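Both complexes shown next keep chain A, but they swap its partner, so chain B is in the first and chain C is in the second.
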Partner chain A sequence: MKKLLNRVAVLAIAGTVSMGAQATTPEEDRNAFNKLYKWRFSGVPMEEFVNGAYAIDPIGRENWEAIEEFPPYEPFIDEGEVMWETPFANGKGYKDCFPDGPAIAGNYPHWDKEQGMVMTLPLALNQCREANGEKPLKYKKGSITNIVAYTAFQSRGQVTNVVIPDDDPRALAAYENGRKFYFTRRGQLNFSCSTCHLQNTGMKVRTEILSPTLGQTTHWPTYRSKWGTVGTLHRRFTGCNKNIRAKPFKAQGEQYRNLEYFLTYMSNGLELNGPGARK
Partner chain B sequence: MQVNRLYSVLLVTALLGGGVGTTLAADAKAADPKVVEVQKMIDGAEKARKKAASVDSEWRDTGKFIKQAQAALKAGDYDKAMKLARKAEDEGNLGYQQGVSQQELHLPSYLKY
Partner chain C sequence: MSISNLKLSVMAGAVTLLAGQILPLPSLAAEGSSVVAEGKAIALSRKKGNCLACHLIEGGEFPGNLGPPLIAMKARYPDKQKLRAQIWDPTAANPESAMVPFGRNKVLTEAEMDKLVEYIWTL
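For the complex of A and B:
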């Protein structure tokens, strides 16, 4: 009941999400996603979804398993470890901001009540840099991917557990904005994320099999052969937006952070297995 | 020396060419009613682009078309500039309409609760 009241309050604030049949809770959303994918890929065990398209495409999987024998993301992990161990100019380092060590990916994204926004790992890392007088890193490629690769590797085996706290209605509003983004048609092609990754998941677009949304957030940063390097989740969002001929949004801007909040919540219960490798 | 000055002005103009709005070169030719007309079209396209962006629904290439239109205008290729400006304005309007049409969340029927 309290949940419901919260939701009504949020709807009143957000004003953009319609009421009635659309008023579903995050848990209901997640169950509906799970149900759809379980039905669509009935032979695929739940824990396999962390492998994206390779969970549902046996041929692609063979190539991928060969690639994983000599993981192309390894040098980035090593570089990231050096970054983690190297003090900033002021003598402090990432270690001082994250005293629990580098295995922290499972804590993100989370609702940051103080700042009133969704906090992601790359953003937290940059806030640490800036608090210590260092320049923030760019968010899509470059050395941000090293430090995120290192933390991702150290966090392997943690379980996705995004929480939407009850004590701040803005958290649920952020989740709902992310959900709205996911279902909103954009660009000249008039596609939403759900058109490809929910409705048509398993189908082919050119040479690629459309992966399920479930598990899409567990393995970042990801080495992509097409990129020839490692990129962040928000770089991938950018690519998917461009593919439908929509203007992408700013990496780590509010839209993509809220989207990440929603998307990661959908993968609650799945293991982290970053960094990843993809075609 | 004078010539050098002129070159640097031209260079700056070329560099700014990517920008939107009235530019040095356009100013210089502002007396030409055709230039004024095309510039108006480009400004209209830019307004439409911003409207689409205001509902988070700008299309990928609209801004690029506007820049290209501005460059074509500067190069004196009015037909090309007008064509691009028209295309960009259409895209801006369509993007805006699309954004408005998507303002309400509609969960798709294939997602069963």
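For the complex of A and C:
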């Protein structure tokens, strides 16, 4: 019965967030999300949400803790360090593009006023390559995950702090766009991100417990047993879109970058703990 | 479901009801059970109904719990058409429904829907 009551309340809160006839500010959105998950999972400390479904699923957590003892993403971090240290053909390297060092994940995603778009870490790394005459890396798997894994590992402990600058209305528009994506039903199966991760968070689809949106962005790239390797956040978006028989969008295309902007904003205040491991 | 189909199945229902009061009809009953078996296959197949993703069904393995258990369906849906309507398009009753609109979005065909409903109604 408690479960049932919980879900009714979750629906009510989710409803006020998504339906919101009058526009809500990003901070209002974030507060509503926080309130909902805190209430739904009372007893789960805020900082635990970075662990996704394992914050709310004691059995899954046990397996996961065992996996984390020999982290499957470690070789990817090492590969990434080599990439970071190795100069491009022109003699320059990532270090020249990012003079403050590899602990940069906390700066992303951010609004890039000059380019008029949401800048993500993988995109920034590729722009660095292209500026130096190197081919861009593919965005879902492969060596991009090495370099992102290395920077993520170096950035552990930084705090998610996405800013929506008010000196450029396009930034808020990008956020709104990502928010709309999150709440829009799509695909033959007719789901939105919110259907699963907001309305029904904590419930089971078959044996999968639906993780809260809060904390979903803190730990990328992630090693998934199902993939047998490390993949990027946009690869995960692609997977969730395919599961509902929707045509996935382009990794690092505008839709997914705006979605990432919105999604990461929801996790403001949570620590970065990438790379992650999931089943 | 087309109107003619609907009429047919309503009529068929009436016929079985009437006939059932008079004498058992072995041939119809046998056909009925194979329809139920086909409906069950559709319900359990991951590619078709995949109802177990969200519903507990007696005898089904690894059910999810997004939706309520599918149990005592005849009691809860004396009108089979209401049951069909819920599966056809759950968002008609509940716009926020997290259930797949199996008919409206053509996840299942009319014929598959008919068989599926026969099976679900036995639960």
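Operating definition for what follows: the second predicted complex is superposed on the first by the 257 of 279 C-alpha atoms of A that agree within 3 Å, B and C clash if a C-alpha of one lies under 4 Å from a C-alpha of the other, contacts with A are read in each partner's own complex, and residues count from 1 in each chain.
We take it that contacts are C-beta pairs under 8 Å (C-beta built on N, C-alpha and C of every residue); 3 or more make two chains touch, one makes a residue touch a chain.
This one's a predicted model, so the numbers in the text were calculated from it and none came from an experiment.
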Fit or clash between chain C and chain B when superposed on chain A: fit
Partner chain in contact with A:Gln188 - chain B first, chain C second, else both or neither: both
Contacts of A:Ser143 with chain B and chain C, given as first, second, both or neither: neither
Chain A residues touched by each partner, larger count belonging to chain B or chain C: B
First, second, both or neither for A:Asn63, with chain B first and chain C second: neither
Chain B versus chain C as contact partner of A:Asn90, first or second or both or neither: neither
Partner chain in contact with A:Gln199 - chain B first, chain C second, else both or neither: both
First, second, both or neither for A:Thr207, with chain B first and chain C second: second
Touched partner set for A:Lys35, first chain B, second chain C, both or neither: first
Smallest separation of CA atoms, chain C relative to chain B, angstrom: 7
Footprint overlap on chain A, comparing chain B with chain C: 188, 190, 199
Interfacial residue positions of chain C with respect to chain A in the complex: 52-54, 62-66, 91, 96, 98, 100-101, 105-107
In the complex with chain B, residue positions of chain A that touch it: 16-18, 21-22, 24, 28, 31-33, 35-36, 176, 179-180, 183-188, 190, 194, 198-199, 241-242, 245-249, 255
Chain C contact footprint on chain A (complex, rising order): 11, 14-15, 188-191, 195-196, 199-200, 203-208
Of chain B, residues touching chain A in the complex: 53, 56-63, 91, 94, 98, 102-108, 110-113
